[in-house]
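Can you keep this structure in mind? I'll have questions shortly.
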């Protein structure tokens, strides 16, 4: 509830969560719980692959972890003391199941399962090359490129084959891989997407967020470092640094929205981060008002921070229904305009006649903001001031986050003043990029930012090969069309 | 989210919500939305019956409104300008669908559909009599008794037949009935369960709570009065008072837990009631502490009230997952003890070293309280003080609320001190019954309480025929066994 | 395969089969097998009700017995040493499950389950009367009338109540009833629909046909006599004759088409009957030809009889697919005209250049005959002679057989010569009504026919109250419309 | 019905049927019908792939064609004027869908779909080699080997790549392939499995059997020759002979059992073949008896031939139920021994006291024969003589037919006399291998048999690489175990 806000279409969406276990009785049951705790990172499909003496066992399903992986028969079909799993947003269509991870392939030297959080920014190019050499792809997932690179590597040892494969890849990846040689965790050299390691007794865990350790009572041990590869097997836990060192650039949006408030990311409590963001926001753009109202649920911690910093009371001015999922189709034309009230309802008795400050985590397309402001006005608010706990989102993410194309990002289309008018707020303010870093305890370095903040600044930390080629190609098409 | 807490097994559960519409294009689509807004009042099954020139149309389903009644094909199968609907908790078993309301029967003078919130406390006795005369029951629902009483009434007019039937019934009922003579709303003489009337243009609405009016943009007009019967048809809206007058006794627990915080019940904002309850609680049993932590979600408004009254900061010390429904079966024996963490997780970074006041709405069996207190201790809390926004729940409800048998009510088994020990809190306090009335703006009359508070006091406002007969019978059996 | 032809839309359809067991371990498993063997009598829905010490248990399903009642979990949910079951053709629509038998009601003196083969010809009239007195119907089934008549009977003993109820009923019924007093079998005074009794060890069986005894290895004991009521319980098997005696009129069409060829009906082997019919047909309307070709599957025994009597070789000129059920929807407009070939294909290599005699059991609408004759011509047949193993079907059945309205019966619209032209056969002949009786070993009495042959002759053995009232009413409406 | 006998577990099972269409409106709807007519060749799964301007479209399903591919929505999801399809027996397990054909891969030069009837006898060896080079297999199907051989071929033209691939393959294949270059049909050099070509207007059809042409009203044009490859596209129909010529060896069992009696295989009517086989059988091993009884359904044509040759009447002594599919699970332990009667019932009235000749097409394990003979004895048969319309089945098939391992083939375990005793028949005889060839109009050449009759003679027409390697390996393991 107080966690992230998964149902809102007007949010950036983390595309994946991963979880792996080494050395546990019924490892798959741990993975099921871990994935459940990571459900907010990917709600449309989930999968688990386990390994026992008899080989690899997989189950993949569309829908939530609960309802699919909480059934005894499913867990019993996934025997073994090691297992990994994945939650994701899936594309639609009949072949969608092929894209549900973990992906698995029977290679010449044994089975290979992989779960990937991130996005490979030269996947298209690699795919074309592999295809030309006779590799046949089973999915449209960028992750499958890694498998074929491993399969066709000329190295002889599995670990070398993986390093060889990842050396050809650019972009963001937090990977868990399961082979007969052991469970392998690996994070790209910039550490764009998170990955942590935990322990419970003799059991080793890897997960996208610490909440997934909490759910099974495991102890948080440390982050998997940027560029680190960890192999866990009967010989113990070994760490490798096979890639050239680079200054890390972990995603800043994990603090703003993606991660759960009870997670610890980059060593910082997300709840604290968000409260701090709210406090900095109050400082940067305070305003006289009667009540502070969070846009539920993701705006809550920042609103508490803002309220405490400003001394204005925190109140529940918007009530959100428990019962709206993504699948709710509005029953008929006649009532379609009622839209937002299915999810949110104004607490009119409270709002009436008040000057309110609305706190939300971000504005993407702006569609929800327009409705929420209007809802406050309909409920009788005297003034509606909107404060946003992140800088304007102006650029697409190519590292595993589902962003609308730039043309649909409100902040890419207009300045803050125009946005305020567009959403019909009496005032609108965003935290500054410097303020955001400050709330996280840093001072932003303009030349070498300590985090990936490309969605706010356009400063992408890697090459974007497919993107560039696509543009070149489109330019070529354009040229042809013009000539 | 900030609404009631439907997933918690350790809560009293309202058993039903009703919603009816007269004179709307595609009335069923309004009913679907209204039921959706009332989903917290009954999550296991739902049904809608509509009436058009061709007759009655019904669809009933197990599960939520969303997923069943948001589909165009279903709504199209329910044509007509008038319709009513029902959400409920259903008993399990193969015949369960027969108990899903609205119940419908083809009587000699036309179709009769009924949706009922409440419970008839002499249903068993009436059923036996009817059965002996040759009436055949289709369900195990107490509501069906009403239909057979109407069917076998010697009155000739439908309205008279209904009054005749209800005259034989004791207990709590907020009823919506659909006949070819019009849509009929009726509330028992004590007004135990709520029922309100709203309007949007020329459309008349009846609903269990005002939130269901909000969702379709309807205006709240007034309550259906205790003992009032309202007939709506082409001749307009007519009100009748067919029963002997009585002092009303509306359920006080609607304010404590059942109703959504954004509803207005008995003319009072539920959110305000709960904040007031929190404030009175702080006053009655304040304590020195570092933070106020609500047990999500239902404890939130009282916690805000408590925090504001005490000046101690309100903080999210417990994070609740969006993704746990009633259907989550824990994956295996191995992890069963992890239990509560699937729903709630401690925000450990915040809790560590703090003296915390936990605010919850009620304690029923106490099972959740035990786990929550332990979770706070595991997270490093220095002191854990529990404050409850209702008096001890010591008695079963026989008016449409699913209460455990008395033997399972913690407060029926022990005093507050023993309860504090049982849940392992450093201190435990409940609001007093007088404090609760005061928070709602009343001073409780001990001789004639203004509300039904039987769950706290055992002061039941009606006869409990079936209950008494059952006890007599059991006593008889006991006697036989002894002799 | 060589049995009846269930898939053909152009056939009369028996509407039900019943099966009951007294005193067997897991009685329901016997019933499942028995119903499976009776599946040709009703393919759209099936149900079983069992009784054990704990009470009655029911499961009903749409679709075949196999796939529904061959599952261990279902059978285990139907415990007890006595059980009864039913297969039927069901009407479509959402309430169809309510009509699936056995129907069950909890009466004041205990549970009452009933399975009915036949049709009550004054059900509408009885229903109106019961409804007016306050009885509420759960289904649209005529069988439910019997239950309400039993429930409201003033008799005090169950058997007397049943006799009282059946005394008010007219039409055809072979009934199995299960009460706490025992298993009861009853056949209407004319014995229109079949019902037999068998035995295996101490277990008593009732079934619509003897094949259902064969399937469980039971011995055929005797028919339940017309007008006989048999009560089986711990006191043994008792027979009653509660109705006025009447000359029996068993349905003659059971021999023509409804019963399986391996059943023994009225003491006669159906296979032998059909072969005899074929022989009489050859005698009455022989013709010079090269081969005898049955229309599969129901025409096969008559074709063998015809071939043996005529000395012309029996050959498979039409091959029928195993794989076409009633659910096959033709894939698209483009191929809809291909129709009949999905079910039947000409054995062209055989047919080419031959003079063929096609043998079918009956002609109802004639649609299949038209296609079959054309298929033979397309395959190169030189001459196509059609011979039908029953007299022309000219009248509707009101005793539990689904007949098209008279306007759609080809033989009600034209004489044999016109029919021959219509189906484009070189010649067409039907067996005579006298020939049909002769094939069954009887000489037909015109004044008091030994069998019900109303579908051929229009000589109905009972009053048809609902039918007559409907006509009167329609005439009244006509009168009003005219005046 | 009179077609093959698909439900019998004690039969050899053809493993596949294929069907392809070029140049038709909604080609997929033709494929659906064609596959339906070929359903007896593979009942567990089916698939269709179509091609239109937008690319390839596939739908695959477990279960029958009817119920899956007769739905408008499915057919509409398969647009295009060309399409191919496949029916098969599938292995069980979660990955089974991956093995359902047509298999499809996106190769570097476009999509490639393939449907295969037959079996590649060196698939394991090829698979290992491809895997080692980095090819990743999606299925366990031998057919996928062909795709990877095409994908990794160094040839540049699609047709050359296919020829290159098939040149490395040994065994039996009748293939349909769909590429952007056209629809390709190809049959292995020995023509082991059948494949025919038909035409309707400008539409070209390929199918495993002629019945699939009949169902859509297409004209049979010719067989696809052994070793022939046919390419159909906008440039017309072109035939290639890319492989070294060889003496054809079409499967003789197609005449005995696999093909439908209304098909024409190798230019011979299967119905005629089977009647001839019956006649030769009567000649070779005639016996004095009262009636000839076919084991339904596949024994019927041979029984007619036998009856006509011997002059003994053909009678339906065994009635087979329409309603038993492979899914029927027997309801309980108590009735398990009843077994065979669910499928077959003796026509006791006919059998009693008779000397009967039972005609069946083959004996595989013998389990059915034992039950059928016993059933005849239980029904009172005086003598039971079994005559089999094929020679003893002594060897496994490696060319796309599901045979039990040799140890389970009754004829591999004992001689005919012992078999007669085992099945408890008064006498047992098989047609001779020479008689079988004679019935098909040939005289068998012992040195170079005109057909593949390996299942009877052990004379395999190709190398069996995987089989041999497996044996060598097992021998090696044995050696190790011994040493």
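Order of writing sets the chain letters: A, B, C and D. Residues in each chain are counted from 1.
The definition used in the following text is that a residue touches a chain if its C-beta (ideal position, glycine included) is under 8 Å from a C-beta of that chain, and two chains touch if they have at least 3 such contacts.
Because the structure is predicted, anything quoted here is derived from the model rather than measured.
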Taking each chain's C-alpha mean as its centre, the one farthest from chain B: D
Distance from the mean Cα position of chain D to that of chain B, given in whole angstrom: 63
Whole-Å gap between the CA centroids of chain B and chain C: 52
Two or more partner chains touched - positions in chain C: none
In contact (per the touch rule at the top): chain pairs: A-B, A-D, B-C, C-D
Of all residues in chain A, those that touch chain B in their complex: 1-3, 6-7, 25-26, 28-30, 32-33, 36-37, 39-40, 43, 64-67, 69-72, 75, 211, 214-217, 260-262, 264, 269, 271-272, 296-297, 300-301, 304, 308, 313-316, 319-325, 327-332, 334-335, 338, 341-342, 345-350
Parts of chain C lying in touch with chain B, wherever the complex brings them together: 58-59, 77, 94, 105-108, 128, 131-138, 147-148, 151-153
